[in-house]
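In the two complexes that follow, chain A is the common piece, with chain B as its partner first and chain C second.
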Partner chain A sequence: MKARVAIFDFASCEGCELQIVNLEEKLLDLIDIVDVVSFREAMKEHSNDYDIALIEGSIMRPMDEERIKKIRERAKVLIAIGACACLGGVNKLRNEWPVEEVKKEVYGDALLEGNKFFDVFPTKAVDEVVKVDFYIPGCPIDRNEFAKVITAVALGRKPRLPSYPVCVECKKRENICVFELGQFCLGPITRAGCNAICTSFQDGCEGCRGFLDDAKMDAQKDVLRKYGVTVDQMMKKFNFYNYRKGVL
Partner chain B sequence: MASDLNVTVKHLTRVEGHGNIYFNAKAGKVEKVLWEVDEAPRFFEAMVRGKSYSYLSHITSRICGICSIGHSLASLKATEAAMGVRISEQTELLRRLALHGENLQSHSLHVGYLAAPDLFGAPSVVPMVKTHLDAVGKIVAVHRLANRLSDVTCGRTTHPITLTVGGFTKVPSEEDLLFAKKECEKNIEVTRSLAKDILTVKDKIPDFKRETEFIALKNDKHYAFYDGKIASTDGGVFPVSDYLKVTNEYFAPQSTAKYAKHKRASYMASALSRFNLNYEQLTDGAKEVAEMFGLEPVCHNPYMNTIAQLVEIMHSLEDSIDLVDKVIGIGLEEEEFEVEVRPGRGVGAVEVPRGILFHDYTIDEVGNCVKANCIIPTNQNHGNIQKDMEAMAPTLVNMPEKDIELRLEMLVRAYDPCISCSTHYLKVNFI
Partner chain C sequence: MNCLEKDALGPSQAILVVGMRMKALSKLEWLKFVDRLVNDSGMEIIGVKAKGESFVFDRLKSADELRLDHDVTILPPKKVFLPVTEDLMTYDLKGQVRGERTIDDRKRVLIGVHPYDVIAIEQMDEIYLGSNIDEHYASRRLNTLIIASDIINVSERSFAASLGTHVTDSGYDLLVTDIGDTVVVDVGTKEGRALLKKYGSARDASKKEADTVKCWRSDLPTWFARRAKLPSSEWKRVLDENHDHPIWDENSKKCLTCGTCTTVCPTCYCYDVDDKTDLNLKEGKRQRTWDGCLLREFTLVGSGEIFREGVKERYRHRFYRKGAYLPDRKGFVACVGCGRCAYQCLPDIADPSEVMNSLASYNLHKTVEHPVPSVEHPEIMEDLLIPEPATIVRKQKMTELETLYVVRLDSGKELGHAPGQFVQVSLYGIGEAPISISSAPGGKEFELLVRRIGDVTGAMEKLKEGDKIGVRGPYGRGFDPKEMQGKNMLFISGGCGLAPMRSLIDYTMGHRKDFKDVWILYGCKEPAAILFSKDLKQWADVDNVKVLTTVDKCPDGQCWDGNIGVITTLIPKVAFDPMRTIAVIVGPPVMYKFVIRDLKSRGMPDENIIVSLERRMKCGVGKCGHCQMNGIYCCIEGPVFKYSEVKNIPEAF
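For the complex of A and B:
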């Protein structure tokens, strides 16, 4: 029997789900090995009976927390897709301020008291609320990596992500190092798998795929210092997708 | 005797983001009809504070995966206006091409994958692969070309890499541009044929009219996407810097998004607004598609927005061909550009697939953002959706519940709402 897959979104831009639609013909191949039983952005059909749950987005509110827990109970395997789900991503940038301050900046003096839609807490990645079995990183996710991971899980295999930095892929593409172009880059500490897409277009890596477990943080900081990057600039770059994970 | 009716659509499908529809009638009388938005608020406006000008377009592109190119461009234009940065002719041409890439991506996604299933009587595009393989193939072809054009101009389809303050981190190669041009040429016939397929189910588009105001950018040179002034079908042309006088956002308790109004209780920003205001500047091919469907300005049927998008698919294909020729004609090259940090405030407006989009930033002496505001098309449309529902509701009371549900769902889908966009960057202006 084919594995039943359901796709759910929380606080996000839905760009990762869009990459699933962007698979086009490859999506038809995927449908050969899995049944998509729920995908609100693209389908009206819906079922609560699924084996694999794919989660896009961060968790912001008690009502979201309740919903993700129910999904976890129903799913045999839960996969976080994209930086918002895997890391908290850009959604965590607001955690720098207290929730009340952020609400006031954006909604002014509007009366939000008792309105459950606005009952928010500091942004959480999905694994801060429920157990996550596998991760598909990136902002947005890489379509080919997505297809590989889903295929592996559907066939009962354990998917594996690269355990080396973006620099390896960047060197393979024979790019000029963006540091030499006067930019700075998190490629040395960020997990590969994107085929160094940003640096190949001469834009420094922002770390959207998360830092490696054994990232050489001190060496990265030495490189940044060598190129005259200030502590403040460094922190902002680290925090872009990996809020407070690049502690100095 | 009319029976009691209860329609609840929780988390409407085949739209971007989370919204709900409620409809209640007792003994033939409408008691409640409500469009509710319950997307989690993300507070982008707060989170960009203190961030360098060079990061702003990368952060704000993450407001929306579908309109990430448009958000990037509105963001860059606001930043460039604030700091007094000028861009080259080549940069402007390539940005306009990038915007067509997004318009084609988003419109083919909406017309083909999100709206068409209702017209063909399918719950999604998946069963249509079996029943209407030929039409689905055409949608996939246009969508693939759109993705390719975005890849060529922006480095990837979603969340642009190459678009940056002052220019491009890397300019597309002539070879890639010519390839994209060829693909556009091929897809003109595909689109004409797709339009004929959709014409066979035209009678499934509800015949509903409610007079409203349409707002879009307008300029003298061409059908406005990248640049222009704010124009209204109720009259008047306003500079972009006066956008707050047009949008007049207000807070509605049933929504994490904001509502907007100008001269009437609500207005519409959309492909249909652009069509209604700038019809004359469409390409000939695009006008032909409009004619097939009897679509003429000013059209007050919101369901026809999907057809206006189809018209714009043709326009974007034909105009892209022209833009590639122009940019190669002026001698495509990598350009050196320097950006000087200067404090100031700037507003950027572009037409994104769903309508007019504004970003407004204040930048300080060291180049950090101190204040941001952004007004999203869907946000401007929530009020108009609600007013349409209120006008339509009394005509629905003799229908079976499932027909009412479909009629209301189709209405919201016709606006092609981008709900996660609309909750992300809000500013309350009490009225």
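For the complex of A and C:
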């Protein structure tokens, strides 16, 4: 029997879901091996009967929290997709300020009282609320990695993310290190799997796939210092996707 | 006095000899030659091209892309023979599951390889073609002609001259030197000569041209800003003396473990293997890709153990591999001084010349020897990495986690194993796992006892009788029963360790007269985990065979009236003569230290203790590098070792 898959979005730009839609001819393969029963980005129907839930986006409000808990109860396997779901991502930047201040700044004097849609709390990654079985990180996710994880689940393999940094893939692509080009890069501490897409276009890695479990933060900071990066610049870069994960 | 003047003082024999195979082309003729190769030869022409301010080996579209003035390329030319990622085989998951080898036999010419890289390729050849020929590598390598080029611009971090690798007189088909208006060509092989004749119009080089080349080469060392003070023949000694030098700690603290140093190295050859199945789940490819010992999971095994986990150990391993282990195994230092790692390591701690220079000025430290046991490994020529189809004939669940599989090769041939050897079991789309053969040699069927622990072992459990698997092997050095003849045998195993042990025990039972008393000590976590209980009973019934079992604990609901305690609690129960007894130990990694300690305290000599060790293994044939314990390859020199061979190997226990 084919596994039933549902895709849900929370606070996000839906760019990751778009990556799935953009699988093009592979999308047909996907629906050949799984039944997609819910996918707002691509279909009207919706079903609450699914085995695998793919979650895009961060958790921002009590109503999100309730919804994700329900999904967790129903799903056998829950997979977080994209930086917002896996890390909290850029949505976490607003945690730098008190919630009330943020609301005021964004919504001004609009009537927020009692409106559950505006009832926000500090941003959380999905695994800060429910157990996540597998992650497909990235902003947006990499289509090939998405296919790889789904294939693994379908074959009964444990989906594994690389446990080494982006530099490995960057060097394998024979890129000139962006440090040589006067930029700076979080590649040495960021989990590979994106095939070094940014650095291959001479753009320093922003860490959108999250830092490695054993990221060598001190060594990385030494390198940044050596290349003249200021503490302020470092903080900004670290916080962008990995809020408070690279505290100095 | 410059070099030319020096030579003018007297004729040099060397020049005369070299001069006979020296040809020359004008710059224009040289470019024509390269263009004809690109356009008319039908071969793929790979040469050095600019990439931004750097250089790379890449496919040439025309001669004017070729740069002979490059200092060094980002990646070494090994990528042509051992691509960053390559297909080993394709597999088909529909109906009759099967795999088919993919081979790249495209004819190629590689232009612009500097002497240090030529020497690195010769070292690679030693690994991939020396023994256990790797067909994928061989096919690319033997179909490629190498046009080397002398160094014109020296890379700022290269220290090749101090290792003597700035020049070479072998390993190329043609060697070109750009001396301005003329390109001088040194013909290295018949194939090179034929290529030049067919696509170029070269004349004999004049004496002056030959002299200019010779002078250039002899002056070249003065252009190197960096140098290794120690001759490479001294590296091993100095490393052996400095195993505990503070530099390993200091530098590894700065290490990003980014793997750049191993990725860009022309002499690093380790790889990982993975099955990439298409999203349609119908077919896929088994691929290998460069891997490196600096990366954390390089030595990870299914149980979650990582054998070389510390950054210091990983960082240090890289230098020892280059400077001590490969000199021991192959007689060369696996560093050619290209300077790529030095240049590309962001914290700048990867430079072998700097590290060796620091060690050279400081050697008060204790000597650690890393001897490599000498073993004759069998040559495995064909289809090295391609599994043979085999069928699961019978399947029997032994415990909650373990299942016994009886397997037969579809070819009808005997596996032909020795006790203690292993096979690589292949499940297409999932991967491969090394599994010991647990039946005694002989017969068309052999047995595998597999514990469900991860992908391959988990998927195997779902297979039915009659289903197909792939098998490579038998591999490794097994037990040598002949050497044990006439002795008492003391078998000590824990958990799954009884599986490889069983092949030897059954052999012993089948040749009962060749051995004296036999004791079999076996320990398990709990009664429900005991393996081969029928065999244990049968063995106990044989004359002069004593079987003792123990469990760590007996949880409620299971019954057990035997010994409770770890395996070492059984050792005092046997009265063996340590000089006339061979002890064989196989079990989980933690077991060895304690059992060996107790045997030694009973006076057993190291030569009488035999162990079988487990490491991560991807290839099983001495290529992928994962199974290394210091300089030893567990897959080919092991998994069976005499304790005396490995007791001084820091990474063995």
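Criterion: the second predicted complex is superposed on the first by the 248 of 248 C-alpha atoms of A that agree within 3 Å, B and C clash if a C-alpha of one lies under 4 Å from a C-alpha of the other, contacts with A are read in each partner's own complex, and residues count from 1 in each chain.
Note that a contact is a pair of C-beta atoms (placed from the backbone, for glycine too) under 8 Å apart; a residue touches a chain by one contact, two chains touch by 3 or more.
Bear in mind the structure is a predicted one, so any value in this text is a computation, not a measurement.
The superposition on chain A brings chain B alongside chain C with room for both. If you count the residues of chain A touched by chain B and by chain C, you find the higher number for B. Legend: residue contacts after superposition of the two complexes on their common chain; A:L155 is shown touching chain C, with no touch to chain B. Of the two partner chains placed by superposition, only chain B is touched by A:F117; chain C is not. In the superposition on chain A, contact is made by A:E41 with chain B only, not with chain C.
Look at A:F179: by the touch rule set out above, it reaches chain C but stays clear of chain B.
On the chain A superposition, the C-alpha centres give an angle at chain A of 130° between chain B and chain C, rounded to a multiple of 10. With chain A used as the common frame, chain B approaches chain C to a shortest CA-CA distance of 11 Å. Partner chain C is touched in their complex by these residues of chain A: 23, 26, 29-30, 32-33, 147-148, 150-151, 154-158, 163-165, 167-168, 171-172, 174-177, 179-181, 187-189, 214, 216, 218-220, 222-223, 226. On chain A, the positions that touch chain B within their shared complex are 9-19, 21-22, 24-25, 28, 31, 36, 39-46, 57, 60-61, 64, 89-91, 93-94, 96-97, 101-103, 105-111, 115, 117-118, 120, 139-140, 197-198, 200-203, 206, 233, 236, 240.
By the touch criterion stated above, chain B contacts chain A in their complex at residues 11, 13-18, 38-43, 45-52, 55, 58-59, 62-66, 68, 109, 113-114, 117, 123-126, 129, 140, 143-144, 147, 155-159, 161-162, 164, 169-170, 251, 253, 255-256, 420, 425-428, 430. Those residues of chain C that touch chain A in the complex are listed here as 51-54, 56, 74-75, 84-85, 253-260, 263-264, 276-281, 289-290, 292, 295-297, 311, 344, 346-347, 429-430, 454-455, 458-459, 462.
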